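One structure follows; several queries about it will come next.
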Amino acid sequence: MYVVKSPLSDANLKTVSEALQGALVDLIDLSLVAKQIHWNVVGPRFRSVHLQLDEVVTVARQHSDTVAERCAALGVSPDGRAATVAVGSGIGVTPEGWVDDTTAVGTLVDALGAVIARMRERVAATEEPDPVSQDILIGITADLEKQHWMFQAENG
Amino acid sequence: MYVVKSPLSDANLKTVSEALQGALVDLIDLSLVAKQIHWNVVGPRFRSVHLQLDEVVTVARQHSDTVAERCAALGVSPDGRAATVAVGSGIGVTPEGWVDDTTAVGTLVDALGAVIARMRERVAATEEPDPVSQDILIGITADLEKQHWMFQAENG
Amino acid sequence: MYVVKSPLSDANLKTVSEALQGALVDLIDLSLVAKQIHWNVVGPRFRSVHLQLDEVVTVARQHSDTVAERCAALGVSPDGRAATVAVGSGIGVTPEGWVDDTTAVGTLVDALGAVIARMRERVAATEEPDPVSQDILIGITADLEKQHWMFQAENG
Amino acid sequence: MYVVKSPLSDANLKTVSEALQGALVDLIDLSLVAKQIHWNVVGPRFRSVHLQLDEVVTVARQHSDTVAERCAALGVSPDGRAATVAVGSGIGVTPEGWVDDTTAVGTLVDALGAVIARMRERVAATEEPDPVSQDILIGITADLEKQHWMFQAENG
Amino acid sequence: MYVVKSPLSDANLKTVSEALQGALVDLIDLSLVAKQIHWNVVGPRFRSVHLQLDEVVTVARQHSDTVAERCAALGVSPDGRAATVAVGSGIGVTPEGWVDDTTAVGTLVDALGAVIARMRERVAATEEPDPVSQDILIGITADLEKQHWMFQAENG
Amino acid sequence: MYVVKSPLSDANLKTVSEALQGALVDLIDLSLVAKQIHWNVVGPRFRSVHLQLDEVVTVARQHSDTVAERCAALGVSPDGRAATVAVGSGIGVTPEGWVDDTTAVGTLVDALGAVIARMRERVAATEEPDPVSQDILIGITADLEKQHWMFQAENG
Amino acid sequence: MYVVKSPLSDANLKTVSEALQGALVDLIDLSLVAKQIHWNVVGPRFRSVHLQLDEVVTVARQHSDTVAERCAALGVSPDGRAATVAVGSGIGVTPEGWVDDTTAVGTLVDALGAVIARMRERVAATEEPDPVSQDILIGITADLEKQHWMFQAENG
Amino acid sequence: MYVVKSPLSDANLKTVSEALQGALVDLIDLSLVAKQIHWNVVGPRFRSVHLQLDEVVTVARQHSDTVAERCAALGVSPDGRAATVAVGSGIGVTPEGWVDDTTAVGTLVDALGAVIARMRERVAATEEPDPVSQDILIGITADLEKQHWMFQAENG
Amino acid sequence: MYVVKSPLSDANLKTVSEALQGALVDLIDLSLVAKQIHWNVVGPRFRSVHLQLDEVVTVARQHSDTVAERCAALGVSPDGRAATVAVGSGIGVTPEGWVDDTTAVGTLVDALGAVIARMRERVAATEEPDPVSQDILIGITADLEKQHWMFQAENG
Amino acid sequence: MYVVKSPLSDANLKTVSEALQGALVDLIDLSLVAKQIHWNVVGPRFRSVHLQLDEVVTVARQHSDTVAERCAALGVSPDGRAATVAVGSGIGVTPEGWVDDTTAVGTLVDALGAVIARMRERVAATEEPDPVSQDILIGITADLEKQHWMFQAENG
Amino acid sequence: MYVVKSPLSDANLKTVSEALQGALVDLIDLSLVAKQIHWNVVGPRFRSVHLQLDEVVTVARQHSDTVAERCAALGVSPDGRAATVAVGSGIGVTPEGWVDDTTAVGTLVDALGAVIARMRERVAATEEPDPVSQDILIGITADLEKQHWMFQAENG
Amino acid sequence: MYVVKSPLSDANLKTVSEALQGALVDLIDLSLVAKQIHWNVVGPRFRSVHLQLDEVVTVARQHSDTVAERCAALGVSPDGRAATVAVGSGIGVTPEGWVDDTTAVGTLVDALGAVIARMRERVAATEEPDPVSQDILIGITADLEKQHWMFQAENG
């Protein structure tokens, strides 16, 4: 059986891997939600919002890969399956069907806000047990807060 | 309210949009399953399988985008949310945790086989109502069957 | 004198070359109309519409080249001269002068709609006589219907 | 209604915008004529002439865009519609059908010669009222005269 | 022993794999013949024909790879060995030694014509048993017919 | 001490170097103003305006470098320090704080208009003393007037 | 009115936004000072110093954009106007006119030293209130200290 | 008739052209054999071997082109037709059908070994009569021996 | 003599420069060890391991350059000479000669593990005296731990 | 015999073609002189001067091509043969052998100065007869004066 | 004074540097002759010959740089000045004025033939005294003989 | 155990492998020495020398890889470990600490001179036993002698 001797103590590993697993689920869901609205947005800002959402998708996919591989690097199996994401995501339910552009922007403001709040908790939680993982989470938070600003400004 | 006058009759539209929506769910799940195993595979073929899986992810993501936008182009809202994928995918349950490389390859052989079987049904179902959608589904099937061969050969 | 022995029978060649010549005229006119509005659009969505129209121009130019060379490959001389386009295009008259962005989007919705309707007839007409030409026309229709969706959503 | 306060006086604006509108029509027609012969040329120099013509198309398309946007920048709506081009171009009628390579080269020599003569008049006419527009027309003339030389040399 | 459960019935698989194997042999031989003349052509059109032939080589090599891998994807071993090609190709014997440019162009017109005729039969034969393979063969036929036109026009 | 023997007479050099130094200050300030609004714009056109402003920044930075190095090439030291820019710019005061998108576009229309008016005077002033410097200023004016059109059209 | 609910408390936000606004002003001025000397440097090391200074400009421009957008992401309007920079920069006055290369290098050593000292204070000040902003400031400091070393070594 | 006055004497030309013609046949066959196994390999090392074989194909194709054009440059017509290759290659018969990965690697070890042995004889034979051709053959031998090592190490 | 006034106190500088000098030696040795095994690995995983090792070399070379220049930026001369590396590296002795692939992977697991352990100590040691250097060491540790995971998984 | 009907009168053509032919000879010689010193420069500024001289070569080669083709476009045969250059260049004799870096820079200052003086006369001479040729000569003068500044500053 | 202790004995150095200096003069003249005909060629093969000549220019320029720097590396000053080239080149006089395409090709056949004959003598002369220089001359000869073949074939 | 049947006799193999192993050690040490001085150089030529040294590093790294893989291709295990390099290099001891630029250049002149002398012996030694290895060593010597010239000229 595959066992990795982690550079962290068991207690620290538990804290850090929970933070990373939570981040993974949030980021995968963010990529799915952003794509969902990318396809369903309607209205005079269609093209602007459609394109901006693909930047969110790119950011979310890259970071989800980094976080999952960081999890593996610490010797803990990451879980990014659809059912896990559907259950564990910190983003609220996205309604089905077409969505007008103002609502679309608002949905992203809410989704990013929810993920950022949880990311900041993870940044705080990982500082002591593993500054390497924390540094990754800090970088993710910076990118998400930049996206958050742009969607807020778009509806400002 | 947003209504698009589709180039297809109502009956044809129903058939085609069901095929496209089904393909969308399968392809998103394929991308998530391939990533899951990309992160969790273990064994002497780790690097080969790890890299090959990212090619599957790329293929699945590109085609899922094409299929969803084709759906929208016909005037039907596509649904690619996590919960929809978790419930509707044609791929069986992927077990959690580390997976040895032979099992990993076998999982992909099964997953691709399941999706291909449903894709071939969709190719047949869309031929009459919409040859444009059918052509897209044929191209997807060709790519999936190529991947299917490579994973079969890897475990051959 | 230059005569090409076509792979098609005379009757089939007549059907197919008429479809291709018609598609050529429509696509050249689409590229000219899109450029005309690209230059004349005015309003709060100026930049979005201005940029989107250049994507239509790129699509229309590439497909017009493919269609004309397909015509030549079957041994029939293609005709893409200005006067031929002015007379034979399926797109209605584009009014001169500045155009506000909502009207601009609407003009494209109409122009694309008109061309798509004729393309679908050509897809049907060429299926039996020449599946190779049909496959080209199917690909063009897919691209035009995607553009059609995006302009409809923009005014949705 | 959209009105731009031009940096030019009314009289100067009239002179300059006529020069630009004339250049626009000539350049669009040059791009269409070059494509027409690109598709219809036949003979031992087919490949050379076919490729050289695409360079003319590229040059003509780039400059037509610059000229039309310069027109808009001065506050005058440019007109590049098919019917306008068919009526107003300075290039003589291009016969339909296949064309042998020597005739093809000669047709371009004539077409470029006609456009160049009109461009040189526009260069002279715009010198006083708007050196900025003149500079653009000078650059276009340089490119067209280079193409003119190459087609003359090809039949020399 | 390596056995793949094909998505096609045995009868359909036999038809389709024969079409693909035949296409493979023709395309490899086309690449060899085009290279042979690329090296041996002589005359005032040397450079044009020399370069055009390398485009044929590129097209033939890419499609031969696609066809062979499609064969494998259906569970049938492809055969592209020199002896198989020498015996099974649909292209007539290419004479050895230097070849003047007019003859070179004529040789390609004949070689492409022979391959195209067999490709069109394969397109017809695969329509029912496997639209996925047919779609690949249609795309190949389109490319070959474009090359066929250009060599015909070169000697036109 | 560093003295360059200029190709221009003293009188001409004075005229030309004043024109270039003035252009340098205007262009640096334009780049700072465009960045300021790039960061502070708010509203439904946020993304469009935000991106368009970065194109202004790129244009202004490239031209300021060309103008300053032209100044040096004539043997006159250019001055692009913050205090010099703050005092000498032809652009009016930009208010601090967030700015809604319509005001943002209007600010650029005004800023570009002010710089263009001064540039046209410089084009006229340098024609006799140094056609080389004039040619550079003409090219800058063309780019600024193109940007001016696009912002006017955006608020048109 | 545009109000962003910041992820930081009011006290923390005040500390962090002051640090970011100060960094913004320093970095913009650094880019202007480096350009000023890039244009005015004279002496046997002209080319080396001229090129090295453009690397400083690139670094300073990229980081100023990151810092300003970070400020906006926290809900505080950044101020990068010329007058603000002229007054608030931590870099001493740069004398006008030509500058010999040794003095030029010394000027950069001093300018970078001044900015670095203030950056290190900002790194310390932001550690508690916002590790995300601190991480950005740490990265900037690393780049500036690398440039500082290279200019010191150049005059060493 | 086309006759080139070779820079070599008749006797030297005979030696050198035989060496080059022999190398041409070996290299074309090497490219066909490598592709054959690229398509037919099966087993746990499928992906590694499949990819490595395409590097052999690239090497063999590039060198075969160089050798054939060197032949032509000396005034001797090269012969790379399928039948010539099938008869004259120094590589033993490749069996048809699927091949397991260990056998696949062994086949390449043998094929490369056979070609290298003949190449070394050609290097020796051409040293005196034509150091220019020898230098080309030396470069080819270096590349083949590098590939030979990698396949030996793969089965080591 | 060359003296740099460091931004750190003498005590802090001693701690930080020892950490950086130690990291430099470890990273250079890691690049040499990875190359050594890149050349000497033998076995069925030859190609996978051979390629993965070049990624380690790239990572180690980039980070060694960053660390050495960081050392210089603090005013302390870095030492990366062969003898210094041979004596001071934290990696155990690599045996000479060919190495089978399983041993090769194990050697990297050990080498990376040894370097990571020391890096984590350096991360802890530099936190107080210099967060800028610490941030660089954290980024290096993240990359090394990712490589560590992949080699562990390869032998898992 | 090859005769081109020039767009210029005979008198104007004589003036313009003499200017262009003179520019051609100067620019070719400039490229040869710059290469000569590129190879022969010696001294502490070797690398800086060596690299800067290759930028002069690039500039001179590009402009010589433009000028010669402009000459041909006007129907006058350009002459860029070595003997013509050796006799007609406006650049003084470059001494043979190694050259120290200060002398090398001085040689370029002189060579560029001589060519610029003649270029400015050509700019004046061509203004009336052909503004298109004048515009090309103005652009060349701008580039040469920029190089002139940089070599003056290097020895300043 | 600058003296380099050459790796060659005085006698060997004399032989080798004469060979390199001779090659330098021939290659520079070849680049000038090819450009001269590139501009002056006329006739139905204008475009083919015009483009092929630029490939000769590129080859001749690259090799002349290599040869001159090889000369410098041996401690002997290379001489590539116009007068040296005009006197010492092995290429016969190129007549002035327009040249029809057949003559143009013939001129290149002769020019390349003359240079190749001298290059082969240099290859023989340098074998013993400096195999490093010989290897460079062998590579140049291979490229020139390839060009020689293509021009012979063009007129064949 | 891994044994490769070398294409060389035992005696020849011994001679060639010693030459290659010696070259490997020299080239690795050259890369380490060049990096050491790249980091430690100080003085007015800092930037020039710093950059030139990275070109030496690139050259040395590429050639060391080629030489080591050539060694492996002949069936002999290469040894590039730090201790082997520290003991066996032909380059003298590089002193620790900062180094002024003139000394830095001199160190490279000496280091390159030492390696070149040994390389020329290896070129002579390998001519008979293996012209393939000799050709590689000749190419390396050419590159090193070019670098040697540039550092000599820099201190000339």
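To keep things simple, chains are lettered A, B, C, D, E, F, G, H, I, J, K and L as they appear, and every chain counts its residues starting from 1.
We adopt the following convention: a residue touches a chain if its C-beta (ideal position, glycine included) is under 8 Å from a C-beta of that chain, and two chains touch if they have at least 3 such contacts.
By chain, UniProt protein names: A, B, C, D, E, F, G, H, I, J, K, L = DNA starvation/stationary phase protection protein.
On a predicted model such as this, the values are computed, not experimentally measured, just so you know.
For the pairs C-F and B-C, the count of C-beta pairs in contact is higher at B-C.
In terms of their C-alpha centroids, the spacing between chain C and chain G amounts to 53 Å. Centroids built from CA atoms put chain H at 59 Å from chain G. Looking at chain B, residues 2, 42, 44-45, 48, 69, 72, 98, 100, 135, 153, 156 sit in touch with two or more other chains.
By the contact rule set out at the top, the touching chain pairs are A-B, A-C, A-F, A-G, A-I, B-C, B-E, B-H, B-I, C-D, C-E, C-F, D-E, D-F, D-J, D-K, E-H, E-K, F-G, F-J, G-I, G-J, G-L, H-I, H-K, H-L, I-L, J-K, J-L, K-L.
By the touch criterion stated above, chain D contacts chain C in their complex at residues 2, 28-29, 32-33, 35-36, 39-40, 42, 65, 68-69, 71-72, 77-83, 85-86, 89, 93-94, 96-98, 100. Chain contact summary for the complex, chain B toward chain C: residues 2, 4, 7, 69-70, 72-75, 131-132, 135-136. Those residues of chain F whose C-beta lies close enough to touch chain C in the complex are 44-45, 48-49, 51-52, 102, 150, 153-156.
Touching chain C in their complex are the following residues of chain E: 116-117, 120, 123, 127, 134-135, 138-139, 141-142, 145-146, 148-149, 152-153, 156. On the chain J side of its complex with chain L, the touching residues are 41-48, 50, 98.
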